[in-house]
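One chain, chain A, links the two complexes that follow: it is found with chain B in the first and with chain C in the second.
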Partner chain A sequence: MPTYDQIVDQVIESIKEIVSHDLAIDENTDLISDLEFDSLKVMNLIEDVEDYFDISIPLNVLADVRTIKDLALQLERLTGKN
Partner chain B sequence: MLEPTPTKNGLQLRYGDFSTLTEALDYAARGETGYNFYNGKGQLDFVLPYAQLREDAIAIAKRLLGLKIERGSRVALVADTDPGFLQMFYACQYAGMVPVPLPASLRLGGHATYVAQLKRLLMSCRASVAIAPEAYLSFLREAAEELPLSYIGSADSLRSLPAGRDELVPSGADELAYLQYTSGSTRFPRGVMITNRTVMNNLGNIVRNGVKIRPGDRAISWLPYYHDMGLVGLVLSPMAAQVSVDYLRTRDFAMRPRLWLSLITKNRATISFSPPFGFELCMQRLREKDLSNYDLSSWRVAGVGAETIRAQPLLAFSEMLAPSGFNPGAFLACYGMAECSLAVSFSPLGQGIQVDEIEAETLAVTQRAFPALKPTHRAANAKEFVKCGFALPEHSVEVRDEKGNTLPDRHVGTLYVKGPSVMSGYFGEPDLSGEVLSPDGWLNTGDLAYIADESVIITGRQKDLIIINGRNIWPQDLEYLAESQPEVRTGDASAFSVSGDDGEDKAVLVIECRIADPARRSALSEELQGAVCSELGIDCFIELVPRNTLPRTTSGKLSRSGAKRDFLQRVAKGETESPAIDIAAYNYRHRILSAAVGHR
Partner chain C sequence: MTLFAKFEALAATRQALAECGLKSVNVVMEKLISPTEAIVNGRPMILAGTNNYLGLTLNADCVEAACQALQTEGTGTTGSRVANGTYADHVALENDLSDFFDCTSVIVFSTGYVANLGMISTLAGSGDTIMIDADCHASIYDGCKLSTADIIRFRHNDPVDLEKRLKRLKERAANTLIIVEGLYSMLGDRAPLAEIAAVKKRYGAYLLVDEAHSLGVLGANGRGLAEETGVEQDVDFIVGTFSKSLGAIGGYCASKHKELDTIRYANRPYIFTASPSPSIIASTRKALSILRSQPELRHRLWENANRLYRHFKSLGLRVGPESSPIVAVRLASKEEAIQKWCRLLEQGIYVNLVLPPATPDGGALLRCSMSADHRPEQVDRIMDAFADVV
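And then the complex of A and B:
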């Protein structure tokens, strides 16, 4: 089971594959207002982390995700279930 | 091991010649075919043969009667791609209730937006019952908090209630089969009323005349159930012709579009539909080395619709997938809308994408679409439009000018359609209904088109509509978000799309704003960009302009086309930052559009 910090690192890694610009990204980065993620980029990110952690992220959890921290907490919960 | 329902059916094929959906399901239930659900890994998760579906639907219908709600009550259903939605949808038919599919689409950080959207829809249709799969139930409960609902829960929880004692009387031919909220404005929803007679007419036409169902057909779909093409085209039509269907969730397709092709290969599917966007998404994600894994030779109907169709990306798709056996003749261009149940016209089967090449200059100047005759002129001066085929039997189409005069062939104007698949109106909105539907039954599609060789040819969809990544965005929704900011007054924002230099459309919001402080200005832009992104899932370019910049009509209304024209002039003069748009492409399109809508 990955630790919270490992999850955050992996999410940031995945995001850097998707966004081209060179921004400083940390767990408090807001995916929408800081990174301007549109729905296609969201799908790419979700696919990436789903594949990496071998989990399925239900769409409904995304509704309360804005920052990398929000996403990492959900991933921590989902990977903990396995 | 779970096995999908078979393609082959022992039952004699009937082409949707039933008077109601329950009659159609009663018949389909006598065979072995049905609906199948695949997960994000492409594995079969659940099998729902029509026979089982009918039993489930009847059992749930008795519980609906047990709720003691009036006949014809609206039952709102959060329409995720799952068996529960289908059981509920048909249960409503057996119980004489009216199902109303609600969107099951969530965006990043979209909790509040989604709940607000559900609430608007529940109120608009005056729902008595609201049902959602477990994952969506908390949102639905939140949306329904202050609303007078008789029941809220999941299909399973409803099923555990005691059955009513009254006898089931299924919805009749002239009773509503469903309300379909159009993919129109999310802020101002419109529920299209479709009776059983109306939808059965469209289903019969689709299966007999459009895709011409034959034994051995099998459909596959990833289209959402809350869109007309997903629901009417790929849920109801296959059932009406006793055809098995394999479903992928829309989100699974969006993430892994290759699943679509693998499943066609695996189950030898023959029929699948998609907006052009779906083919493009699939192509972007294909890898050269995957091509040999697919065998698409069974795919005889690759339906394309729901957006303006451009030939080029589809040709690229068929070229790329030729080694996998994809037949370009399988492309079937069609045109339709929820207001006409679904289908208005189909191009002839087996011919692939057919285009009409016309003289661009002539179109711009005279609004007439003359065939481009001189090949040497083509590159510079020709424009091609995809032929969307002939109107369904018993249906008429006509093109009219702004004054309502019927135009001859090859003249661009607004497309009207009339026939037995047209809706009864918008639920609870007599005024809106009257605006689009005349007393003699002509429906104003709002689309720009011309007719040539009896074929419907769409030149522009809904003149103000913004299409980004295949999604329809209504300018009034963008303007509403702007006006929701405390710094922006109602009527001071104008939204439109411009053509980006990558050929994609980009949304632009021009806002009149009094604030002088640069920090506050940029804070407003950022705030608004975030709101647009979380509510609509798109990027938007925001320009703040001084008061009295936006052009208005004599009655004081904003002119979106005028705002766009002025905006592009400012970009051209370097007075505003360019959102990476292609001015040349804009000028060209603008000439055609303004010619088409009649103002220069």
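And then the complex of A and C:
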């Protein structure tokens, strides 16, 4: 089971594969307002981390996800269930 | 910050449309000449984006049936199906559809959107899971939002990804409703339904297929993709609409499960909507009988579709992966799509302009839908206009 820090690192790795420009990204980075992700990019990110952690993220939980920290907390919960 | 701030980007897109010289950004059909011709913004227009696949909207028998029902049963039912809104013809249409699909139960809804909203939100609740193809229609996503089930998306037309996700659910896989479409509305591609049905059977899940764009279009008898691929017995629920090949408005769910009749009484979008007006039901019944008795309409539709698709491919346009009555051309940006859509209108050709986020891959589409009613010279004009503009 990955630690919270490992999850944050992996999410940032996945984001760097999606965004073309260099940005300072940390756990408080907002996917929409800071990274200007549209719904397509958000779903690309979700598919990427789903594959990496071998989990499925229900769309229901995404409504509460704004930052990398929000996403990492959901991933921590879901990977803990396996 | 106001309530309206979130609409600013939308307002900018509408402004861009207005700046391309149209009097109105809303296309208004001022006068219908035929199912494939209208006067739009004062100009004669060939309609190549109406989903009027069999061209039945002005069919004389359908119009006559609607007029008779209007005369004898009035303009509306003023009530829900579970109150005063079930007339003999609503039941008769459900029986017609049961016979057509050779299934136990059918529910008729007021629109296709309501059919998806009602079936999805009622079938799957807390503790259940819904797995939807990523490219499913907004009505399916909205049905999921109304449900209390866990909603999981799988990659478009990817049975391997679906199976991987079902496997993760372990014993919960049996309480899963898988949802796909027969023909996907934006690019006109079919679901790999045989493979998806096989995955569904392996995990004991349920399968709902939205045949909105495939009713009357696919299958030897026009029953849709489930018929075409020979998996009707493995599909638990077929949802569809009367607003495309049947030329009216309304929706249905057909199922081999007798429990569907009970689900009717738990189905809030069904219960709390007025039932379809009698004239709609009458024209739909007539259109369904024409769909069944005149397969030549389907053949003409496919001749037109294949011709347009092949021509667009020969022009090097970026079309969908396979020929279908939906022929969509992908463009790189929404600005380019808006500009070319306006030029097509200037040449007297109406197609659908589809902008993100409604498009599957974030690009923009000029989406044509063909009709059995398109004459060869109209298809020529559509092809010439695209060759010139796109």
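Note that the second predicted complex is superposed on the first by the 82 of 82 C-alpha atoms of A that agree within 3 Å, B and C clash if a C-alpha of one lies under 4 Å from a C-alpha of the other, contacts with A are read in each partner's own complex, and residues count from 1 in each chain.
We take it that a contact is a pair of C-beta atoms (placed from the backbone, for glycine too) under 8 Å apart; a residue touches a chain by one contact, two chains touch by 3 or more.
Quantities reported herein were computed from a predicted structural model and do not represent experimental measurements.
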item	value
Contact breadth on chain A, by residue count: chain C or chain B	B
A:Phe37 touches, of chain B and chain C: first, second, both or neither?	first
Contacts of A:Asp54 with chain B and chain C, given as first, second, both or neither	second
Partner chain(s) touched by A:Val65 [first = chain B, second = chain C, both, neither]	first
Which superposed partner A:Ala24 touches (first chain B, second chain C, both, neither)	neither
Chain B and chain C footprints on chain A, overlapping residues	38-40, 43, 47, 56, 58-60
Sites on chain C touched by chain A in the complex	129, 134, 144, 150-153, 155, 165, 168-169, 356-357, 361-362
Residues of chain B defined as touching chain A within the complex	39-40, 104-111, 114, 135-136, 138-139, 251, 254-256, 469, 471, 526, 529-530, 533-534, 537-539
Chain A to chain C touching residues, read off their complex	38-40, 43, 47, 54-60
Chain A - residues contacting chain B, complex	30-33, 36-40, 42-44, 46-47, 50, 56, 58-60, 62-66
